[in-house]
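Two complexes are shown next, each including chain A; its partner changes from chain B in the first to chain C in the second.
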Partner chain A sequence: MVTLTRTTVAGRAKSRGRRHRGETLTKVLFVLPAAVAMVALFGYPVVKNLLMSLQDYGLKTFFTGVAPWVGLQNYSTVVTDKLFSDAMVNTALFTIGSISFQFAIGLGLALFFHKKFPLSGLLRSLLLLPWLLPLIVSSATWRSILEQDSGILNRSLMGLHLINDPVPWLNSPSVALIAVIGVNIWIGIPFNVTLLYSGLAEIPDELYEAGQLDGATGWRAFFYITWPNLRSVASVVLMLGVVYTIKVLDIILGLTGGGPANATQTLATQSYEKSFIDFKFGQGAALSNILIALSFLFAIFYLRGTRRAVDE
Partner chain B sequence: MISKRIAAALAGATTVSLLLVACGDNGGGQSSTSGDSVKSLTILDYYNNDPDKSLVQKGLDSCASKLGITIQRETVPGDTLIQKVLQQASSKTLPDVLMLDNPDVQQIAATGALAPLNDMGLNSDGVIQGMVDATSYEGKLYGLAPVTNTIALFYNKDMLAEAGVQPPKTWDELKAAAKKLTKPGRYGIAFNANATYEGSWQFLPAMWTNGGDETDLTSPQVAEALQLWVDLVKSGSASKSVINWTQGDAKDQFAAGKAAMMVNGPWQIPALEKTPNVKWDVVTFPLNKPDQTPVAPLGGEAWTVPLNKDQAKQQKAADFVKCLNSDENELAWAKARFTLPTKTALLDQYAKEVPSMKAFAEQVKTARARTGKLGDKWPDAAKVIYQAIQLALTGKASPQDAFKQASGG
Partner chain C sequence: MMRRTAYTVIGVLILCVMLFPVYWMLNASLQPSGNTLTAGFLPLHPTFSGYRRALDEQGGNLVTSMIIAAGTVVLSLAIATPCAYALSQFRSRWVSVGLLAILISQMIPGIVIANALYTAYERIGLLNSIPGLIVANCSSGIPFAILILRSFMLSLPPSLVEAARVDGAGLFRAFVSIVLPISKNSLITAGLFSFLFSWSDFLFALTLTTKGGVRPVTLGIYQYLGTQVQNWNAVMATAVLSAVPAIVLLIAAQKYIAAGAIGGAVK
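Coming up: the complex of A and B.
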């Protein structure tokens, strides 16, 4: 009798151990597909790109498989390139210009749509249209809108007698970057409106009612109630915006191809050009790694920001 | 239960792989004994739009039936061809016959991917020198182009007659004519000066005709040629948008009656025929000084044979390229596709039969290949050229300084 009990207890413990091990195995199996996908789709390209940037990876490499190790030479070549500083400045202007206007206009529109009025839902969904268009289509359309002689924008401005001479939107090195930023703002507004609008919807109405009793209306309500409650959403929008904008390629390629006279070259277009026009894949990889490092910097800010928000 | 399933799967896989091995053995075994066992060839080219796509197909089909083989053809858009070739090269799946734009032949040949055609019974006898230069690398022939093209000056007959202007023969006449033909809503001339290799290509007739050379881009002759472009834009005879226009855009402007002349190639003729109210003709590119001869760049695609472990297949592919370059096919493609045969002996006969191509036929005889002098270093020079054009046309540098600045000086 006693022995029997003992064996069952031992057996139960054993089976529990086995079940425990099975559970761990199941957990690992559940994680495995995601891990494999991460390594294959994220890890491999990043590592490969890092290696490539340290090699003389050119046309020949594709045929012979030989890519001599050159250390940091690709980095020094691209950094000392006469276009590098221009590209850095343009990237900064493009990112800051796009983000600040996208955010400001986006916030304005989100506040506007937060006040319920007839057809506001319909209008808000129409606002998403720029986001739904393929970027190549948007840039081709804008290219014809901004055409100097027969583009509809110059034609309308001339017809309204707002300008006397057609503005060389995409033809002048001093205007082209502004035009490209303008188009990118147009594309980015829906993203900002959507996220900020949902952030506004989260703010409980009671806060405003209580605020009203204390005399916080209009601008004061915005500064003391809306903005503090919207801050975490706003920081997400801004950080994601920076990471999206800093690497924009298709819009610039479609509008100006980096021209005129390299006036709209950014790190992204330079990296593309090095890789796919000059076939200097090593240098292209070096540039894109610099770009990734910059994005990473902002990603760290973002992660720290959100962690603090959670802690609060 | 599970092990049974695995066993079944394994058995299935083994059968499939055995079959594959059997097939592979079969093909390999036969081809090593006789060349006639090659039953099919794979082909890659960038004629992906009609009418070119089907017109090229006709030529390919007739050669295939002559050689008694079938072909599997793949077409990709022009700007993705090289990327496709690189992918295929790294996965060792290059086609048996590969079409390349002629300035790319030397670059690809330099990587060691192509088979020299001389060793397989092909030669470039009778082919215009410019094309031989373009398709040879280190003394060996790597490709043959059945047809070629170049660029010249198109003009709108009605507009010139209305303005009382003769087709320009010199740069001074060109500038005067362009100015006279310009009126509200219309420019005298359209060309492409964008920041791509196409922009450099359009600049070459002016640069080469004036004695400029890509081996010394800081020479006064090259600066003079750039001055012509600058004068045309500054005087308002050409749109400021030329720095963003492609050759297709220039054609659209011309076809819409928004430009009275344009620098362009014969491949635009089918599109121009769709607007029959625009009556046009073509003259060779004007000269700076009367004693010069017009020198234009050679366009057109060469057919090459990538190296193949299967010798018989490689030989068959070479035979196929030879057939594509027969007199008969050269003339057929030239006539159907508004291009020019590459053999000197065929050019005169061709110009008589197709009068609209007369100016181009003349221009081709003296035309040069872009890679003729610099070989696989041409892309670097081409980049300096288009960047210098951009600097000069946007007023960021004078034509004299533009090339120095663009080459990093």
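Coming up: the complex of A and C.
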């Protein structure tokens, strides 16, 4: 009798154990396809780029399969290239210029749309359109608007007598970068508005009502109530903005192709040209690794900064 | 009341400024052909010759883009949905590892993926192929879909699935018959975005195709832009046709789009 009970209990425990193991397996299967995809689409490329950047990986490699190891030679080649410092400066100007204006204008519009008025919801969602358009479509459209001789921008400015000669927006090395940054600001505003608006919507109205009693209205309300409560959303927006902007390629290729006279080359366009125009994959990989490293450095410093701010 | 109406007027004006380029794209697409842009502010004599030419030259590319985008949606959702469920409901220390991996993946430039996939595709013969581009486009679809779906599934009460389990359903059965149906809205959102990402892809189209065969429409526009634009109306007509999915989705699925933009980024 006693032994019988014991075996049943043991048997039950055993079957539960088997079921548990089966369940663990099912759970793994839920994640496995995504894990494989992430490794294939992100892990493999990162490792492959690290390896390629240490190899003489060029056109010949595709025929012979041979890619000799060259140590850090690719890095020294690209860094000493006379275009490298220009590309670094352009990447910095492009990123800082785009982000600061996108954020400032986005915040202004988010505050505006936060004043509930008829149609504000509809207008706000229509505002998303520039962000949803394929980047190459936006590039084509802006190419036609900024066209030097017959583009509508120059025609309007001349018609209003604001300028005497057409501005070569995309054809002059001195203004092309500004024009490209301008287009990128236009593309990024909707994203900033949407996220900042959602941050504003989460600030409870009671705070403003209480603030009003203490005389916090208008600008004071913004500085003492809105901004402190919006900080965490704002920092997410800024970090995503930098991480996404630093690697932008489509818009520049579509608008200027890095020209005129390399005035709009960034690390991303340089990396593209090295790999897919010159077929020097080793050098292209070296440049893109520098790009990743910058992105990571920024993220780490940034996360550390915000954590310290939160701790205080 | 007066004040709120004034706000609406200002809002409409802001929108007009922001959407002017979109209007201009439409306007320029209705002009007669030519290599200069002489369009007035209104298309007083609209012609559809640009569209005729665009459909002639880019019709096939539009179909290619459609197939690639649809394929990306199916593959991304099939891979992302179970994973999103796992990341939202399973208790494991691996959950935070997975989330961190997804966040880090957002920092990896497309050109890095293109570099590596080009060399791999070259070896296994996936260059110039639709499956090759579908897989590459999943690199934007999958992480985004996981984030969106997970943020929704976090709110599912575990009791829902447990009830089915008590009735003897396996974990997978419960997932298919209970979790998927209630996640319909977030699946639509994630699917719409995967579609848009893939439809808009230009980098992979540019780098992972080397000859004419497979050519998404974004690449068609890029080649139009080449050095000197010959027919602005055809370029802009193609641009309008390529913008249609974005416009349709924005109008038809407004609430999903805003939810997606917020869910994917903040959560």
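Keep in mind that, in the parts below, the second predicted complex is superposed on the first by the 266 of 312 C-alpha atoms of A that agree within 3 Å, B and C clash if a C-alpha of one lies under 4 Å from a C-alpha of the other, contacts with A are read in each partner's own complex, and residues count from 1 in each chain.
In this text, contacts are C-beta pairs under 8 Å (C-beta built on N, C-alpha and C of every residue); 3 or more make two chains touch, one makes a residue touch a chain.
A quick note: this is a predicted structure, and the numbers were derived from the prediction, not measured.
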Q. Which term applies to chain B and chain C once both are placed on chain A by superposition, clash or fit?
A. clash
Q. When both complexes are superposed, which of chain B and chain C contacts more residues belonging to chain A?
A. C
Q: Determine, under the contact definition given at the top, whether A:80 touches first (chain B), second (chain C), both, or neither.
A: neither
Q. Between chain B (first) and chain C (second), which, if any, makes contact with A:292: first, second, both or neither?
A. second
Q: Determine, under the contact definition given at the top, whether A:45 touches first (chain B), second (chain C), both, or neither.
A: second
Q: Kindly classify A:27 by the partners it touches after superposition: chain B alone (first), chain C alone (second), both, or neither?
A: second
Q. A:62 contacts which: chain B (first), chain C (second), both, neither?
A. both
(Q) So in the superposed three-chain picture, is A:278 touching just chain B, just chain C, both, or none of them (first/second/both/neither)? (A) first
(Q) One more residue to check, A:130. First (chain B), second (chain C), both or neither? (A) second
Q.
Let me test your reading of the model: by the given contact rule, A:149 touches which partner, first (chain B), second (chain C), both or neither?
A. both
Q.
On chain A, which stretch or stretches are contacted by chain B in one complex as well as by chain C in the other?
A. 62, 143, 147, 149-150, 276
Q. If you look only at chain B, which of its residues touch chain A in the complex?
A. 82-83, 86-87, 89-90, 107-108, 110-113, 194-196, 239-241, 243-244, 258, 379, 383, 387, 390-391, 393-394, 396, 408
**Q.** Footprint of chain B on chain A - complex, ascending
**A.** 59-60, 62-65, 82, 143, 147-150, 168, 170-173, 256-263, 276, 278-279
Q: Over in the complex, which chain A residues touch chain C? Could you list them?
A: 23, 26-27, 29-31, 33-35, 37-38, 41-42, 44-46, 48-49, 52, 57, 62, 109, 112-113, 115-120, 123-145, 147, 149-152, 186, 189-191, 194-195, 198, 233, 236-237, 240, 243-244, 247, 249-250, 253-254, 268, 271-272, 275-276, 281, 284-285, 288-289, 291-292, 295-296, 299
Q: Sort out for me which residues of chain C touch chain A in the complex.
A: 4-5, 7-8, 10-12, 14-15, 18-19, 21-22, 24-25, 28, 36-39, 78-80, 82-83, 85-87, 90, 92, 94, 98, 101-102, 104-120, 122, 135-136, 138-139, 142-143, 146, 170-172, 175, 196, 199-200, 202-203, 206-207, 218, 221-222, 224-225, 229, 232, 235-236, 238-239, 242-243, 246-247, 249-250, 254, 257-258, 261-262, 265-266
